[in-house]
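Paired with subunit B in one complex and with subunit C in the other, subunit A is shared by the two complexes that follow.
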Partner chain A sequence: MTGPVLEIERYTLDYQTGRSTLRVLDDISLDISAGEVVGLVGESGSGKSSLAWAIMRHLAGNARERGGQLRLDGEDLRGLSSSRLQALRGSRLAMIFQDPSAALNPTLSIGEQVAEVLVRHQGLSLREAWARGVALLGGVELKSPEAMMRRYPHELSGGEKQRVLISTAFACRPRCLIFDEPTTALDVISAAQILALFTRLREETGVSALYISHDLALVSRVADRVAILERGRLVESAPAATIFSAPAHEYTRRLVSAVPDPARRLIDQPPASATALLEIHKLGVSYGRPGFVDRLFGRASETTQALRELTMTLSPAEVVGVVGESGSGKSSLAKALVGLTPFAGEIRFEGRVLSNAAGMNRAYRRQVQMVFQHPDASLNPRQRIGEQLARPLRLYGLAPGESEKHAVARWLEEVRLPAEFASRYPHELSGGQKQRVAIARAFAARPALVICDEITAALDVSVQATVIELLLELRKRHGTAYLFITHDLNLVRQIAHRIAVMYRGDLVEMIDAATLDARGASHPYTRALLEAVPRPLRGHPAPSSLQGTP
Partner chain B sequence: MPDSLKRLLRSPQGMIGAVILLACLVLVLLGPWLAPYDHQALSITERYRPPGAEHWLGTDQLGRDIASRILVGARATILLSLLATGLAMLIGAMLGTACAYLGGRFDEVMMRTMDALMSIPSLLFALLIVSTLGKSGMNAVLAITVSFIPGMVRIARSVALAQRRQDYVGAAIARGESSLWIVSRELLPNIAAPIIVEATIRVAFAIMLFATLSFLGLGAQPPAPEWGLMVAEARGYFFQAPWMMLMPGLAIALVAIGFNLLGDGLRDALNPRSGER
Partner chain C sequence: MTPAYLLKRLLMVAYTLLVVSLLVFGITQLLPADAAVTILGQSATPEALEALRTRLGLDQPAWWQYAQWLGGVVQGDFGTSMRNGLPVGGTLAEALGRSLVLAACSLALMLMVAIPLGVVAAVRRGRPSDLVVSALSYVGVSLPEFVTATLLLLLFADVWNLLPATGYVSLSEDFVGGVRHLILPTLTVSLIMVAHVSRMVRSELVDVLHTDYIRAARLKGLSRRRVLLRHALRNGLLPTITIVALDIGYLLGGIVVVEEIFAIPGIGRELISAVNARDLPVIQAGVMILAATYCLVNFLADLAYAYLDRRIQYA
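Moving on, here comes the complex of A and B:
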């Protein structure tokens, strides 16, 4: 096959909002050759999903196409009738979504949904389609595909659902596939398995693909070529092998330097630990309480054990990273430590033994602060930034000789925000700015330990980098210890002294970051986790040899 | 607050609602002084006069000026409805937030009681209360209040429950704030908007319920110039003098529409996010 499969030529798209128009895609030109995988990387709001929907010809009602062409095998997609488009979608052009649970109909069995595609686009009878479906599910490494066909989406895990969707997308031998953040909603290990599956299917079928993601490290592993989108403009398009080693555009350079790289440690001086700051002894958290009927009949009730007998020690000014998949109990640990959930076991702090949340006195509340994942939720939407920053000051006192107004301004300055933000409401700030306010609020109590629960997960990479930089600077200035909870192993290896690896409520390994770098992990789960994390493809002496076959 | 007021007046519904209610406020405050005639003055010669230059809205079967009666009656009708809704809002919001915050057995007992109250249609329930306590305007207010409380409790509770799960409540607990602070300063401002909107819309229902009770002879008693009562009294003369029923009916409709529009406008104006873009 000669010529590109998908051609995007000088494509421009606006969104009409009220009286003004917002340019989402500006003069985009991008070709995807047969068998090539092009990665499209951009931060939120860069227009990457809009491009995907423009190619699928399913744009929002307020979208206005200002020019340019979209061609699949030389056929102009923009001029197609809706019946032609329907025949095209799912057969020659297919799309895989971020959230597999939203993309499957919860009221139809997997088999019905897979067979429907085959009946519709390949003209098979229902019986043939069902048989093909079983073969397809087997092809994406799903166990017992026949039983799987009769199941409903809620009976499958996220990774399994994504496999089902991939199998249907590949079923009709599409010319081009569009992936919109297909692994973002999955945990690290399932994501790695999905990527391995995609790589295999791609070799077998020679499909072309547009792989959209915010994760540059991941895209550099998956794609042959990477295109960088910044606010609707395509700023750079380069082979995946060279994007990390030789980023040409200034924005790409910024993006590359923001991607966490475990080889680049951002923290030094292991703390001189004479005494422990906080000792956690056999901490357990369980959810669900016995129901009324259960208690009446003395029945044993089902409670979920979110955290089992966790024991660890934190030293002053130490950064301990906690990593694990969703449901591993990391957030339960954080909530127990600040008394937001009942717990079993003991917390020892400054010579005091705490066995329940009621035992947490003012001194403990002041010294142990928490920053939450979503700044939208953790800042009260109806209070001005200044009022919220003043609360810890009012509760725990001001520095001598400082007025409350000055203290608020100083804390805003410490997190590098202008002082006039004090009179604003949270919704007037960007995500990164809100998270800075939340950090300032935690630090205003002058704590000894700050618990950070996935605080950068909702932020873009470049914003994440600046927030991390801020945290490290504050630590240097105030000597604060961090319990840094994250799913991002690369990030935690950059900034933590020790890393706690959690799996389904158990602490499986506590390892020094230095030891991890030098000797690798000892526990098999940690090793699996390490292998699953996509590490940025760094430059090698001969990048051309690493290039994928276009 | 000035911001939300500005936003309220910028939306067409909010603007119209505010104008109508401002006019109502004038009626409530100055009605008796604005009335061109004495609202109780009888006149044998002036009976059944259609609306005209002398009597703007006509006269009734006893020769009383309808315009004057509507102007004077505004106070009773609107104030009593507002009182009933306000009471229901206060009690309902307090109970609902308490249910959401305390949870457990208190919540369970409270909500089942509310379910039981809700299973009786509100008009029937109001009738029951008034017929037990006796006919009077204040008893009608009480009846409306009680029949509105379950709905307000449910709304306050559901909104408060959603807010309780937000991280800012967790952040406040972790910061060591007292429960009183969390409920009054963190939770309440965030649930006030939907409750106020709900209450505004319910005022319209209260006016109509109040008029219904008066129509049935269980609310205001003759010769009070209450609007619902005026409609009831005019029933017998509908073919002879339709304006007798039409005029107070229009007044009720206008006020109800005013509150409804204001409620719609407030819903948008009180949401701090709606100011963006």
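Moving on, here comes the complex of A and C:
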């Protein structure tokens, strides 16, 4: 077939909200040729998902198409009847979603969900489709595919579920695939394996794909060409190899500079003193306790050990990063340190020994503050920002000669928010602004240690960059130490002095961030992690392949 | 689901029933009624009363009476009625049979009407048919049984003279007559539950239709029919199982009222007349049977839920 597989020509889309209309896609033109993978990168609200829905012809009820063409192999998608559309979806045009756990029906077996596509589009009998399904699951490197067909989604890991969905998408040999952030919900190593799988499958099948992601570094590794979307407008489309080295548009340049690059360290100041601020000795956290009947029958309790005998120290003003996949125990560590969960072992803070949460006195609680991942959940939606900031001020004492109102305004200013935000409610603020308020609330108690639990995970990359900048600035001003929990290895390598690598409840390695490149990691898990992280593709054009194979 | 779980769950049922038996026995002890006086009448001589009390064991301490009674119940002996001296078990079993016929019909009718209504309302959300279903549901929920029963009686038995007003005819003796007698009570009992359950089905299904996996199913090119029936309906109906099981309690309460209105000699009516006559063994047995039914239904609902949703692992 000559000519592009997917053509988007001057496509414009509005959303109707009440009487006003919001333009989500403005005059988009983009072609994808046979066998080509085009990355579509944009921040939240840029309209990248809306474009995917428009191509799949699955628009929201309030969407209004204002013009333009969408064509698959020359066939106009906008004019298709619903039966033609049903025949096309899942066979010639397929989509893979962000969260594989949500995209599989929890009450149907894997086999049925794979086979139904073949029954529908290739007219196979259920038996034939089942046999093909086994082969398909084998083709995406799932172990014991026959048994896998009979299992249910909750019995699979996230990576396995995404493999199932990929096998379904490839089942009818589609012409074009749309990926909507397919690895965002996965841990780093599973994500790298999924990408390696995709690379192999595209070589085998020659499928075209539109790969949507917020992650520029990742897309530059996967795609041949990268298109940058800013608030509904396509600002730049360039070969993946040059997007980092020679961004043409000003917005792309901003985006590129915001992407964390482990080679560019943002922190240089070494820890101020050699005495430890926090010493953690053999800290353990376990969840679950035996129920009444279990105790009655004298059965062993089924507790989960979330954290095992963790020992580490933290100096004043030191930044220690904690990385690990979900379930590695990093959040349990944070919860134990602020007394939100019972723990075993010992925490020594400024020389004082704590062996349980009850021992955490007022002074400790003031000195150790926490900022959470979702500011929406950690800020009270019915209280004004000013009231929420005033609470730690009232609890832990205002500076002498300063009024409460003045102090609130000062803290808002410290996090670079206007003072009039004090009278606003959280919902009136953007995600980044809310997270600044949460940071201000933590700092208002004048802490010596702030625990940041994935605080930028829900933010766009450019917003993340400004929040990180703010954290580093506050540290410089107040000499605060951070325990910075994240899944983003590139980011933590920029800002941490040392990085604790966690795996299934164990601290496997403590690495020195500054000398990591030169010395390398010693533990195999750390090495696998480092290899799996897509680093921004800088420098000269290279084939878009991934190293992170299992 | 493990055998250990089943055992555990059955033990819970037994424990619940034990607590119920304590409560029932305790309450009947507190009733301001002397069984001997009830049986022999106000004019009985003190000697005769004393003799009867001794014979019935009423002069024994309460805990002893409770143990005696519970021992009998465990063996299926609910004692004898104070009114007619017949064994309580036999009388109530017969009455329970009639009530179960009514309950089963009501439940079946309710499910046959409520689920399609809820599905239609969910699929056509915001359109006129949804609004009609919602409005009817509100009306249904807000009408208590004695009002609907009276209205139905007035229309069908009095004004149009289509159906018999009251009474009960055994289905095995006269099937047509039995059915004719069952229609109005069944309608009355199921109406309020139709309203409740159809609203539940609607809201659950609306949620399910907005999930990612339904969207994924549509984008696989599956037909609307398959998406609705195979992907959405099972997930949408799961919570309904629990609601229906809980509604059984409501159904049992409704049956007591409806049996009284339509003069059906079921367990509800038996219970009411026993309360009026201070017939303690019948009251105790009746309440125990109703509680046991309720526990059993909820136990079965748990099993059904686990069977339909493989994520649920009872251990």
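Keep this in mind: the second predicted complex is superposed on the first by the 538 of 550 C-alpha atoms of A that agree within 3 Å, B and C clash if a C-alpha of one lies under 4 Å from a C-alpha of the other, contacts with A are read in each partner's own complex, and residues count from 1 in each chain.
The rule is short, and it goes like this: a contact is a pair of C-beta atoms (placed from the backbone, for glycine too) under 8 Å apart; a residue touches a chain by one contact, two chains touch by 3 or more.
Everything numeric in this text was worked out from a predicted model, so none of it was measured.
K.L.:
After the alignment on subunit A, I want to confirm one thing: do subunit B and subunit C clash, or do they fit together?
P.N.:
Here subunit B and subunit C can both sit on subunit A without a clash.
K.L.:
Once the shared chain is lined up, is A:R89 touching subunit B (first), subunit C (second), both, or neither of them?
P.N.:
The answer is second: A:R89 touches subunit C but not subunit B.
K.L.:
Quick one: classify A:R221 as touching subunit B (first), subunit C (second), both or neither.
P.N.:
After superposition on chain A, A:R221 lies in contact with neither partner.
K.L.:
In the superposed arrangement, does A:R120 touch subunit B (first), subunit C (second), both or neither?
P.N.:
So A:R120 only meets subunit C here.
K.L.:
Go through the superposed model and pick first if A:G339 touches only subunit B, second if only subunit C, both, or neither.
P.N.:
In the superposition, A:G339 touches subunit B alone.
K.L.:
With the two structures laid over each other on chain A, which partner does A:H374 touch: subunit B (first), subunit C (second), both, or neither?
P.N.:
First partner only.
K.L.:
Output check: A:R362 vs subunit B and subunit C. Expected answer is one of first, second, both, neither. What do you get?
P.N.:
first
K.L.:
Determine the nearest approach in Å between the Cα atoms of subunit B and those of subunit C after overlaying the two structures.
P.N.:
When the complexes share the chain A frame, the smallest subunit B-subunit C C-alpha distance is 7 Å.
K.L.:
Applying the document's contact rule, which stretches of subunit A touch subunit B when the two form their complex?
P.N.:
Subunit A reaches subunit B through residues 17-18, 335, 338-340, 360, 362, 365-366, 368-370, 372-374, 377-383, 391-392, 395, 425, 427, 438, 441, 445.
K.L.:
Would you mind writing out the residues of subunit B in touch with subunit A in their complex?
P.N.:
It is residues 166-168, 170-177, 186, 189-190, 272-273, 276-277 of subunit B that touch subunit A.
K.L.:
Taking the touch rule as given, give the residues of subunit A at its contact with subunit C in the complex, in rising order.
P.N.:
These residues of subunit A touch subunit C: 56, 58, 85-91, 94-95, 97, 99, 102-108, 116-117, 120-121, 152, 154, 165, 168, 293, 297.
K.L.:
Report the residues of subunit C in contact with subunit A in the complex, numbered from low to high.
P.N.:
So the residues of subunit C in touch with subunit A come to 4, 8, 11, 211-223, 226, 230-231, 234-235, 238, 308-311.
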